[in-house]
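What follows is a set of structures to go through.
Shared chain: subunit A. Partners: subunit B in the first complex, subunit C in the second.
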Partner chain A sequence: MEWVIFSFLSLWLLVSVVGAIFVRNPVHSILFFLSSVLAIAGLFLSLGAELIAGLQLIIYAVAIVVFYVLVITTIPWEKVKRFEGIYKRELIFGLPAVSIIFGLIAYLIIRGNLAEPVGTVGDNVREVGRTLFTSYLFPFEVASVILLVAMIGAILLGRKEE
Partner chain B sequence: MSLEKAYILLGILVFLLGLLGVMIRKNLITILVSTEIMLNGVNLVLVAVDSYLGRVDGQIFALFVLTVAAAEVAVGLGLIVSLFRLKGYEGSSEIVHLRD
Partner chain C sequence: MTEVGVSLIVTLVKIVVLLGVALGVSAYLTWFERKLAGHIQARLGPSVVGPFGLLQPIADGIKLLTKESIIPKGADVPVYYLAVVLALAPAILLFAVIPFGPEFEVFGYKVKPIIADVNIGLLLVFAMGSLLVYGTIFSGWASNSKYAFIGSLRKAAVIIAYEVVLGFTVLGVVLLAGTLSTVGIVEAQAEKGVWFVFYQPVAFILYLFCMLAESGRVPFDIQEAEAELVTGYHVEYGGMRFGAFPLAEWYLNVMALSAIAVVLFFGGWSGPNILGPLSPYFWFLAKMFGLVFFVLWLHWTLPRFQARDVTEIAWKIMLPLALVNLVVTAVVLYMFGGE
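Showing the complex of A and B:
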């Protein structure tokens, strides 16, 4: 049963990702990206990470995709039409390179052994919250500083020059 | 092949497809979309290994990756919009000068 769910979601994810990088129109590319985000949220749910699946839906599928679409509407469409699609020569050199890298990594992973499991997680959200606010409290606070710096940077970059 | 290895291979394949998208796309906005795909692949591997090992540390790192993705999309799209407004650049092949 797990293999059935995994096959369905991974097929959906791969079709969405390949569509997102090969389709011509940027808006269609963002829609394919939205579809791939939904597939990844489904994979997180099937892995038992409910909190990350919900955050993936809230942050990626709502905030980031809407932000991309808003930015695309601020750029004139004739300019976007001039630069849509892909570079052919980079595809000729890039596709074999990526295939070779994937082959090497896949050989390592299939032949290698994974580490032994160390325990089981009962209530996922409870465990994530407890570990986040005890062991990882300092990186959590630093993440808030990163968000503040990004907000100030976006405001400074986006203002009009007088 | 066990299910965990299949999840890890899927995440790596998504990461490499995003890398290919960064290499071949013409539009700057779709290059940023490809970097988001790469971050999603990394998140998938983190959560898959985490669920296999029975810990929650990988999910917390995935949470931090989500935070960095939100910050990156804010700053990156701000850069693209200001670059377009100042110079009129929209394609990655137009930016060939370090300073002009």
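Showing the complex of A and C:
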């Protein structure tokens, strides 16, 4: 039964990712992106990582994407409709690099042993919290300081000179 | 029959029952609200269609469904339709994590009266509550109308602000219960023998405010103000597509958030056994509709806050209060109780 759910979710994910890249209207693109984020949350849920699925929904699908949406929807409509063409130079330089990286990652996934299951985890929330606040306390706090700096910077940039 | 097949069928039945009941009840809540508003304002309310105006929601539904469909010029048609779905779907999905009663047995199979008993139930509640913001933003944007778009931004600012407060408010209850699962929270209250509203009165009041603001109810409804600003974000919608927005926001959302409040603060289905096996459901629904009634009552009694006050209250007063409540709860729990 699991493969039905997995194939449905991954098909959904692939369609929305491809859509997000090839659609010309930025609002449609962000909608496809939102749909891909939801599909990833579904994949996490089907893999038994409930906490990550919930955080994916709250932080990614709402907190982050909503600000993209607010920015994109407030752009004047004439700018939204303008199509700048395909970036040829970037394509020529980018395509080899991307395909090499894709090949490397594919090789790693097929041949390597990237993730090893550590046995069943009873309570995701408890385990993640314990790890975050014991083994990884310092990186965690540093990340929050970085976010604080970014926030203060945004406030400074957004302020009008008086 | 296999285990998977049975659980699929049981889940499907649960979904169909819940969907039918939720949509039917929310349609009749419109009748109830109009009747209540009428009596609060010394009028009769709907009284012409059927006895006591009971057929009014059906007449309204037929009217809305048979209206000519008008799409504004220059509207983004796919997004225009999608916005209705984006507004309705999260409001309905909220019901998936609400436990209506304890586990029972039918023909040897154990059945839980909850659709998705996941152990991140509350996180899903926050997620769905926040996903509602997309219906608002995209309905305003896709209508190709500045008036609707400004309305949607107004509403989005309120939803985002109160969703943050809601998250921090509920964390106090989560600390007390030690779990994010909705069933687990109800069971924790049954085990302790006390409703969390007595341990977390501040959290309950803040939750009530958030609930009113998220569902666009008085006193936090200046961003919609249906009589004066004609609601703003769905002003360009007609027919049933227009009807879907208030249905989702004013009725489904209020019912779902009231049910969550019952789960968090009022002990869920617990109550004296007066109706035998049906008594948990009775208590759950009685508490839930008591809260819904309270919301409707406020709506037709109080005046509104000013527009800038609504968001200012959220960020400057309620968020600090929620944080203080959370810290105090954590400290007290660490000193005197817990593991």
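One rule holds in what follows: the second predicted complex is superposed on the first by the 122 of 162 C-alpha atoms of A that agree within 3 Å, B and C clash if a C-alpha of one lies under 4 Å from a C-alpha of the other, contacts with A are read in each partner's own complex, and residues count from 1 in each chain.
Quick note on the criterion: a contact is a pair of C-beta atoms (placed from the backbone, for glycine too) under 8 Å apart; a residue touches a chain by one contact, two chains touch by 3 or more.
Just so it is clear, the structure is predicted and the values come from calculations on it, not from any experiment.
Of the two partner chains placed around the shared chain by superposition, subunit B is the only one that A:Leu157 touches, whereas subunit C remains out of contact. Touch criterion met: A:Leu55 reaches subunit B and subunit C at once. Of the two partner chains placed around the shared chain by superposition, subunit B is the only one that A:Leu91 touches, whereas subunit C remains out of contact. In the superposition on chain A, contact is made by A:Asp123 with subunit C only, not with subunit B. Within the superposed three-chain model, A:Phe138 lies out of touch with both subunit B and subunit C [touch as defined at top].
Measured by the number of subunit A residues touched, the leading partner among subunit B and subunit C is B. Common to the subunit B and subunit C interfaces on subunit A are residues 51, 55, 63, 74, 124. Residues 4, 76, 78-79, 82, 118-120, 123-124, 126-127, 130-131, 133-134, 137-138, 141, 144, 149, 153, 156, 160, 163, 167, 179-180 of subunit C are the ones that touch subunit A when the two sit in their complex.
Contact residues of subunit A toward subunit C in the complex are 1, 25, 27-28, 31, 34, 45, 50-51, 53-55, 57-58, 61-63, 66, 69-70, 73-74, 77, 123-125. Only residues 1-10, 12-14, 16-21, 23-27, 29-30, 32-34, 36-37, 40, 43-44, 47-57, 59-60, 62-64, 66-75, 77-82, 84, 86, 88, 90-94 of subunit B touch subunit A when the two sit together in their complex.
Residues of subunit A touching subunit B in their complex: 2-3, 6, 10, 13-14, 17-18, 20-21, 26, 29-30, 33, 36-37, 40, 43-44, 47-49, 51-52, 55-56, 59-60, 63-64, 67-68, 71-72, 74-75, 79-80, 82-87, 90-91, 94-95, 98, 101-102, 105-106, 109-110, 114-115, 117-121, 124, 127-128, 131-132, 135-136, 139, 143, 146-147, 149-151, 153-154, 157-158, 161.
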